[in-house]
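What follows is chain A paired twice: with chain B in the first complex and chain C in the second.
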Partner chain A sequence: MRPDFFQFLRSPLLWIPVAIAACLPWGLSAYHLAIGTLALLYVSLALAWNVVGGIAGQISLANSVFVGTGALLASALYIRLGIDMWFGMVIAAAVSAILGVFMSLLDARFRLGHLSFALVTLAFAEIGELVVAGTDFLGGASGLDLPKDHGRFWLFEFGGGPGYFWAALVLALICLVVNQAILSSRLGYYLRALRDNEDAAQAIGIELFRSKATGMAISAALSSVAGTLFARYSNFVDPTLLASPNLTIEIVLIATIGGLGTPLGPLIAALVLIPVGEILRGQFGGTLPGLHFFLYGVLIIVVVLTSPQGIVPRLLSLRRRFRRA
Partner chain B sequence: MTELLIQTVVQGLLVGGGYALVALSLGLTYNVSGIINFAHGDFLTLAMYLALALQTAWALDPYVSTVITFPLLFVSGVALYWFLLRPVARSQLLMVIQLTLGVTFVLQNGILMVFGGQPVRVPSDWEASLLILGDSLFLRTPQVLAFAGSLLLALLLWIVLDHTETGRRIRAVHQNPRAAALMGIDVPRVRTLTFGVGIGIQAIAGALLIPGTPIEPGQGFRYTVIPLMALVMGGLSDFRGIYLAAILIGVTEALGTVFVSGTSGMIVPYALFVLVLLLRPQGLFRRA
Partner chain C sequence: MTAILEIRELSKSFGGLTAVDRVSFDVREGEILAVIGPNGAGKTTLFSLVSGFITPDSGSVVLEGAPITGLKPPAVARRGLARSFQIVQVFAGMSVLDAVTAAALLRLPLNEAIARARDVLDDIGLASRADAIPDSLSMQDRKLLEIAKCIATGPRIILLDEVMSGLTLAEAQVPLAAIRRLRDGGITFVMVEHVMPVVMSLADRIVVLNFGQKVAEGTPEEIVANQAVRDAYFGEDMDA
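Entry: the complex of A and B
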């Protein structure tokens, strides 16, 4: 672990925004707090994806599987077998990690580069949706209803808006720290070396499968935990929302618009785009459903064409140039 | 039992023919441009909704309206390649994939905003028509037409690629774009036009698949994934392999749906895909 990681942990640039965010539940209306919670959940999802998509440079299209596993498996274990959702969360995260490693294994066998990985994960996303729809234990196509939240923390109940906002904040913070930790550790260097030149990286002794599988397992477990929290927060698990490939594409697009590789891009993009999308949905949801997705699509096309490194790194480099001038 | 089996296999063959059509056009665009277009299936959706609009406006049968939808999709394919993909074609493959995912969102939600999200059927004169072979084999005429259409198109593609000057240019661009450019072939032009044709074929595929199939804005993804699987299983640039793989997916899907209970039957083709990747990563019909 490089020393700059500990610098990052001590930095006021990290803790001041977190402290301000933690005070938000006292200042926001319930509606805006809900949007904030959603934005923080997407921050976690985008950062979890960034481990594989940004740092390792592989387009993973299976994150909906992990989110769905976290949401559906943990909920089903709680409802059907009475297993505490904290424990269910850990089980689901472990299952997701194993699935992720299996996908890496397939990818390592079938070496077509980025294309094969995108395909393998995409096939899994489709399989995941079908498995969920066909399994009664997981609620089938109609989803799962969770019992009422009584604020019992030991049962993974956070008791209403502010509680879930803080839980989502903690999770987003964990994802951010994990991203930063990977970036300043051996694994981060391995993954970036593999991303930039797979053959050269292997030639100097970096193990392809082990590095990629580790990254994938971390990404999968974090996505899964976000799924569990999302399920408990919304009290209802909607399989068409959580287990469908559309969720993955949304995460991928948000992370890419922000800028891949560094945690800052996906973080800021999710914090900006989700509230804008939600407000647009609130305004136009009845007359123009899908408008916010349409705009995401247009935005990503513009970003790829004009600043492929993403908006946040672009703004940072503009600022540097401005200072120098 | 055997009757059901035969009926199912034939049904699967016919559905597979439809997949093959989409897979071949995807293969054509991939091989010439090196770009996997994740919005490919959404252009099929677009073609189907255009057919729906034409049917509502002027009562045109989807088969007839191909005369209008083909040029429209050809132009949109040309525009897609020229304005969006060509500028980024040299940058990272990741970025290109992201861009086509963006196009997916634009098309899907554009269609959603215009036509609404309810699944609709496009009425067609052929919809209910059946062909009866022997005394127990029932075939839906539109599916037979779709299968015949896909065979015809595959044949046409083969003739054009293997036996004409245009085909020689396209293959040259596929095999070695640099050398092709040195031989005086206008590579961007060939790529753009091929992309146009590849997307244009979706208009034909759409017309052939429409009768009896409900359409909805979000279906495009499925029509990208299945042809992509066929593409990979077939070995990427082997058009016969792609065709056979698409048929195989159709048959396994039909068998799975009939003989495995519930929606889990639909998993069978995906399981087959994962199996093929594990055992024959170079493609089903290719020698290693």
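Entry: the complex of A and C
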């Protein structure tokens, strides 16, 4: 681990915002707290995706499979077999990681390249949705209802708005630390080198499959855990929401608008875009449904045209230039 | 002198074209061996066969007494053979230091790899560009970066594919000096090169390929005097 990782862990720039966020449940209305929780869940999803999409530079469109596995498998194991959701969360994360490794195996075995990898993972996402709809154990097309939350922490119950907000905050923090840890470690160097040039990376001894599969497994497991928390938080797992490729597209858009590679882009984009989207939906949901998607659409066009590397890296480089001047 | 790399009857065809045809030669420890030949003679294919990017149809490659035929590139790199690419292959999103660190990670833990990468950059004269991204580098510096990545893997032998092409003779002096220094430090070099003054001044021995076959092998003086080499480069009817 590079020393700057430990500096990051000790940095007030990390802990002051976290401490402020942790106090929010005492200051926000239930409605705004729910928006905050949703934003934090999307931070986790975007950061989990960033491991593969940003650091490794592979446009994976299969993250809905992992989120759906985390949400549906852990819920189904709990409801149908009485397996504690903490344990179910771990099982689902392991299943997701294995699925992710399988996708990496296909990628390495058939040298898929960027476009084919995106299409293959999209196929997994489409298949995943169909599999869910056809599997009664997972609730089929109608989804799963979870029993009432009594705030029993050992049963993965966080007891209402503030509890779920804190749980989502912890998970987002874990995803951020994992991203930073990867960037400051051997795996980060390997994934970035492979992203930039597979042949040159292999020539200096980097194992393609092992590195990409590790990144994929981490991304899949984190996405899955976010799915489990999402499921328990909403009490009802809607497969058209959590197992649908649309969710992946949303995550990819958020991460890309923010800026890939470094964790800051997806983090800030999720924290800004989700609340803006939710408030727009609250204000105009009746008259102009889908306005937030329209906003994402406009933003992605503007970002691609003006700063393809994303808004946050762009702002950082502008700030550097401003300081120098 | 002992052979560090033995190439035996190596062949590779693409469709009907035999790109490398039963090529054999030894690379001796500590020498600089140049592989020359007209365009399409099979030089780059030969490098790809030796470094594991292409699997040969037949023949063998032996590195320090152990066969490496058919090993994948990362395994070949671990055995101590590094290669550069004809078209400079940079890591566009990584700084010079990060790219060289990634190479040094082959044999070192991260923090030692970073220190090693800094040493390599110091050595080769790229230290001032450590934080630069490849796009902002001059052609000369990119070539140095290619060599630096090779060195950082801690190799016994380095294959350089046209590392001087695109440089003026004056620009080539910096990488040339680096290669000589490294050779004196015990690293063996095999280089594909088109720039003849470079080949003649640097190489201890030369192997000449034409149409995938080895047509000559010897010291620079011997090669200059060799009729088969003249034929390969200028056509057989030169004197007619």
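Basically, the second predicted complex is superposed on the first by the 324 of 325 C-alpha atoms of A that agree within 3 Å, B and C clash if a C-alpha of one lies under 4 Å from a C-alpha of the other, contacts with A are read in each partner's own complex, and residues count from 1 in each chain.
Everything that follows uses one rule, which is that a residue touches a chain if its C-beta (ideal position, glycine included) is under 8 Å from a C-beta of that chain, and two chains touch if they have at least 3 such contacts.
All figures in this text were calculated on a predicted structure; none of them were measured in a lab.
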(request) Superpose on chain A as described above, then tell me if chain B and chain C fit or clash. (result) fit
(message) A:Met1 in the overlay: touching chain B, chain C, both, or neither? Say first, second, both or neither.
(response) second
(request) Please indicate which partner A:Ile206 is in contact with in the superposed arrangement: first for chain B, second for chain C, both, or neither. (result) second
(message) Quick check for you: in the superposed arrangement, does A:Leu316 touch first (chain B), second (chain C), both or neither?
(response) neither
(request) Using the superposition described at the top, determine whether chain B or chain C touches more residues of chain A. (result) B
(request) Please state, to the nearest 10 degrees, the angle that the Cα centres of chain B and chain C subtend at the Cα centre of chain A after superposition. (result) 80
(message) On the A-aligned overlay, A:Leu130 touches which partner chain: chain B = first, chain C = second, or both, or neither?
(response) first
(request) Kindly classify A:Arg186 by the partners it touches after superposition: chain B alone (first), chain C alone (second), both, or neither? (result) second
(request) Between chain B and chain C, report the minimum C-alpha distance in the superposition, expressed in whole angstrom. (result) 11
(request) Return the residues of chain A at which the contacts from chain B and from chain C coincide. (result) 57
(request) State the interface residues of chain A toward chain C in the complex, per the touch definition above. (result) 1-3, 57, 185-186, 189-190, 192-193, 195-197, 199-208, 261
(request) Provide the residue numbers of chain B that touch chain A in the complex, in ascending order. (result) 36, 84, 87-88, 91-95, 97-99, 101-110, 112-113, 116-117, 217-218, 221-222, 225, 228-229, 232, 262-264, 266-267, 270-271, 273-274, 277-278, 281
(request) Spell out the residues on chain C that touch chain A in their complex, using ranges where they run on. (result) 51, 53, 72-74, 77-78, 82-85, 89-94, 98-99, 101-103, 105-106, 109-111, 114, 149-150, 152-153
(message) List the residues on chain A that touch chain B in their complex, please.
(response) 57, 59, 106, 109-116, 118-120, 122-123, 126-127, 130-131, 133-135, 141, 245-246, 249, 252-253, 256, 288-291, 293-294, 296-301, 304-305, 308
